[in-house]
Amino acid sequence: MNLSVNLCGLKLDNPIIPASGTFGYGNEFKDFYDINILGSFAFKGTTKEPRSGNPTPRIAECTNGLINSVGLQNPGIESVIKHELPLLRTFFHKPVIANISGFSIDEFIYCCEKVDKEPQVGLIEVNISCPNVKYGGMSFGTTADSAAQVTQAVKSVTTKPVFIKLSPNVTDIVAIAKACENAGADGICLINTLFGMRIDLNRRQPVIANKMGGFSGPAIFPIALRMVYQVSQACNIPIIGCGGISSAHDVIEMMMAGATAVQIGAMNLKNPYICKEIIEQLPEVMEKFGIENLNDIIGIAHQH
Amino acid sequence: MNLSVNLCGLKLDNPIIPASGTFGYGNEFKDFYDINILGSFAFKGTTKEPRSGNPTPRIAECTNGLINSVGLQNPGIESVIKHELPLLRTFFHKPVIANISGFSIDEFIYCCEKVDKEPQVGLIEVNISCPNVKYGGMSFGTTADSAAQVTQAVKSVTTKPVFIKLSPNVTDIVAIAKACENAGADGICLINTLFGMRIDLNRRQPVIANKMGGFSGPAIFPIALRMVYQVSQACNIPIIGCGGISSAHDVIEMMMAGATAVQIGAMNLKNPYICKEIIEQLPEVMEKFGIENLNDIIGIAHQH
Amino acid sequence: MFKKGLYTIVSNQPLTKTIYKMVLQGDTCYITAPGQFVEIEIPNKFLRRPISVCDYDKDSITLIYKVIGEGTSFMSTLLPNNTLDLLTGLGNGFNTDIPQKQPLLIGGGVGIPPLFSLAKQLTINKIQPTIIMGFNYADEIFYRKEFESLGCNVLISTLDGSVGTKGYVTDVIQNNQLTYDYFYACGPLPMLKVLCHTLPTEGQLSLEERMGCGFGACMGCSIETKSGMKRVCKEGPVFLKSDLKL
Amino acid sequence: MFKKGLYTIVSNQPLTKTIYKMVLQGDTCYITAPGQFVEIEIPNKFLRRPISVCDYDKDSITLIYKVIGEGTSFMSTLLPNNTLDLLTGLGNGFNTDIPQKQPLLIGGGVGIPPLFSLAKQLTINKIQPTIIMGFNYADEIFYRKEFESLGCNVLISTLDGSVGTKGYVTDVIQNNQLTYDYFYACGPLPMLKVLCHTLPTEGQLSLEERMGCGFGACMGCSIETKSGMKRVCKEGPVFLKSDLKL
């Protein structure tokens, strides 16, 4: 049975990748299990400057999901390179995915130049979709032009594979993905969180201090799956499927829609062992559905 | 305790309205309960010509929701006026909401002219958002211009209040709602279904014959709530809030976000008594949260 | 008329490796014809699961179901005294008020259960049907004795011929040169198609579709018939052969 | 280190109209300090519920919780032998290795429970703390006897003065002219703010925040302190007064 997949030359033992923002810099999860069993993991969205994020409350519960408005809290790229990556090296021996955000093209370039020099980084994931930041984040991901601009800029400063992570809060995800492909993206990561909100009936005001935030978790799976299917039909670069995955079954469904690998976000918070459990269950579920090699099913749902 | 609300002169005993497409023309539900307890109900999306809809399977299950690709199956406006409305009159004695769809501006006009003459129709809901139809439906709802065009056209042929029902599958819901308001819409209905998909792992192909369809049910509530909040902040016309409502608690949350009335869709299919149960539970839940008059809480979450 | 209610499980036991028989207690006054179905609420699943009524009396319902996915797996774990939320009285059911002397009842796999209450009703109407049951393998056979105890002639086909005729239900009909003036059928779509195209008489066929509501509200289950669009859950699941476009 | 496991309910009983005490059995080896908390999985809820450890020994955990919303309501319905999925060993907990002779332990409402294992630990360390407990009304008082049986001096405030000092915990401190050289506090934010600003000594305060994970992965619970952003679930929930910006 073959579980390994290949993301633009980055060979993963299996397609399971904890999603950015739900796995910190790996440190917390090593207390639960040996994270070397993972395909890889995407570290917390990192920016040029340190960021303290949004005011609390930053978390709201939803039916089968949650809203977060963390607002890209992170120690800044220098500190990540100086402290987090060396620490990570002591317990994670695989290439990591560097998730990068920025509020201007220059900031994206700055961060990508930095991580390009880190041998630990196997792939750069450029988040142009974080909905929590008033300027920057959201806007780059909502038009094909700006998405292409960011792509082109970061591609010019790194030789590592670059995946652009898109926002689902758009009318035409295919147009944006194609613009990224045309601008040189090596792959697309779909999807970031959906814009959502909850209100506290007692206080009669939004639960989240910032009012709205990013909604994710099992509830959004059908939307993520649809976008992966649409984009994989239109583009010829690999896709990392993300959004609502909570089981080995979901992983296979996402791969049949066209994903080469998958990311698991919100579920890590509810069940810190979820990625381990899914990796363990995959062979059994593959057998049930007559799958010998995961690569055989990537995008197979398009054949009908 | 006051549960009654007012939608542009249409007085509803309570804000509970079954959503279009989940309540037929009322006929099936009268076998479960006396539907005169409802605020009103929105009948199945009706077009100029009869439509047989999409091929089956048209339904796919999701976590806390479902995908449908019914594709606006309906007997056509003449037949609705000739058969459904007279039948409805025998068991429903309140004004009904006419949900109208079209594949050209002329078709919208045609249908609205027809229902304008029907005294049973208290309000016209113009669906420019149905994602199941390849041409028409989707496109009118995805740009501010086309949404405004439809609005203007239908407003010119009816004196009944016109609510435009918007698609959530857009980058900027506020821009579209404002365009409708400026074009004369009396109100906005938010939201129709989200584009979604499921794959059958056994068959390795989409569950739905048409591949994708409209995703709705409790899973989408945080997205609907966010859009109602955003639009009610930007517009000065009443909003019918719809999307994922499954309890009296959700109704109150949706009204606090800015809805004057609410629609309940998918949950009618799971529990045919849901609207009755919510109407019965509302007074108790209002009391719990210190609400004497539902009108007092419309949009109250904006005050902070 | 429909009824939504909590039904209490009286028994729930396997008939074969994958097929279970469940008897539920509760009000059945809205069940009016053999071939109707119920919609079962499954915890943590959004849609109810449609299952045909295999048998019923004034306060009990018998269901026979195959374990397919999560819903039916869950059902198979239930114990006596557990309860299920059911919608009952769904669908049109078989029409037995047809001038007929010698009907065939043809069932494939889990299409067989609704034929049981149909056979019962026909026997009450003094009509003795012949039952043809198709299975893949011998270890999948169920309810043979139950049909026989109604006094019916029961013929079986298995794919490998280990029991009864080798092949399909159509092979049973051919090999036994059966005489009949009407037929009722329920089973997989390919079987129903062949029956529609090969049997000379009129008949009634019970169809399946993925359902949203099960009671006619959502148009999720509509099929095209010769007389227009019809809802499998409301105008069906039983259709006249002459009306179907299979 | 953390531990995720199934814990079996030994008892679950109301202490007051809205406050329950639950004792669970299971491995507690990852609980290393008073003031740590657990995250409880609730069926059909996405997020776990954080509850402080009130007391623990080698194989049991005592929790005291107030019924607030759906999660805690569900908990209140559980019976002995039911199980709950818990993450244990979360948070830093109170540091008792502080040179102190006479600490005050100040709790408001359901902020009181974590002070119990703290008081126990201090007693073991041969330090006799004074406990100040604030309630709204007399019928909300719980755990007075339990603290007294540790040999602690327990002082109470109620809003209406029906028991103990009328007013707030701060009124208790003033009215009784207490001498102390350190304090530990847990309770509603307004109480903690006042304590920060009025008590002259250093102290430790346990905070609450809405949490995504409870173990440091999501940054959902971060607050700004004088020494930078800190996660309530990881660097907290207990913070030094001198570090807080309340």
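Letters A, B, C and D mark the chains as written, and numbering starts fresh at 1 in each.
Quick note on the criterion: contacts are C-beta pairs under 8 Å (C-beta built on N, C-alpha and C of every residue); 3 or more make two chains touch, one makes a residue touch a chain.
On a predicted model such as this, the values are computed, not experimentally measured, just so you know.
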Leaving out chain B, the still-touching groups: A, D | C
item: Centre-of-Cα separation between chain C and chain A, whole angstrom; value: 47
item: Intercentroid distance (Cα basis), chain D paired with chain A, Å; value: 36
item: Centre-to-centre distance between chain B and chain A (centres being mean Cα positions), rounded to whole Å; value: 33
item: Where chain B touches two or more other chains at once, by residue number; value: 60, 62-65
item: Numbers and ranges of chain C residues touching at least 2 other chains; value: none
item: Arrangement of touching chains [line / ring / star / complete / other]; value: line
item: Each pair of chains that touches, named by its two labels; value: A-B, A-D, B-C
item: For the chain B and chain A complex, residues of the former touching the latter; value: 60, 62-65, 67, 142, 169-171, 194-199, 201-206, 211-212, 215, 218-223, 225-226, 229-230, 244, 249, 252-253, 256-257, 289, 297, 300-301, 303-304
item: Complex contact set, residues of chain A against chain D; value: 21-24, 27-29, 31-32, 44, 52-53, 56-66, 68, 70, 73, 207, 217, 266, 268-273
item: Touch list for chain C against partner chain B, complex; value: 1-2, 4, 41, 45-48, 87, 209-213, 215-224, 228-229, 234
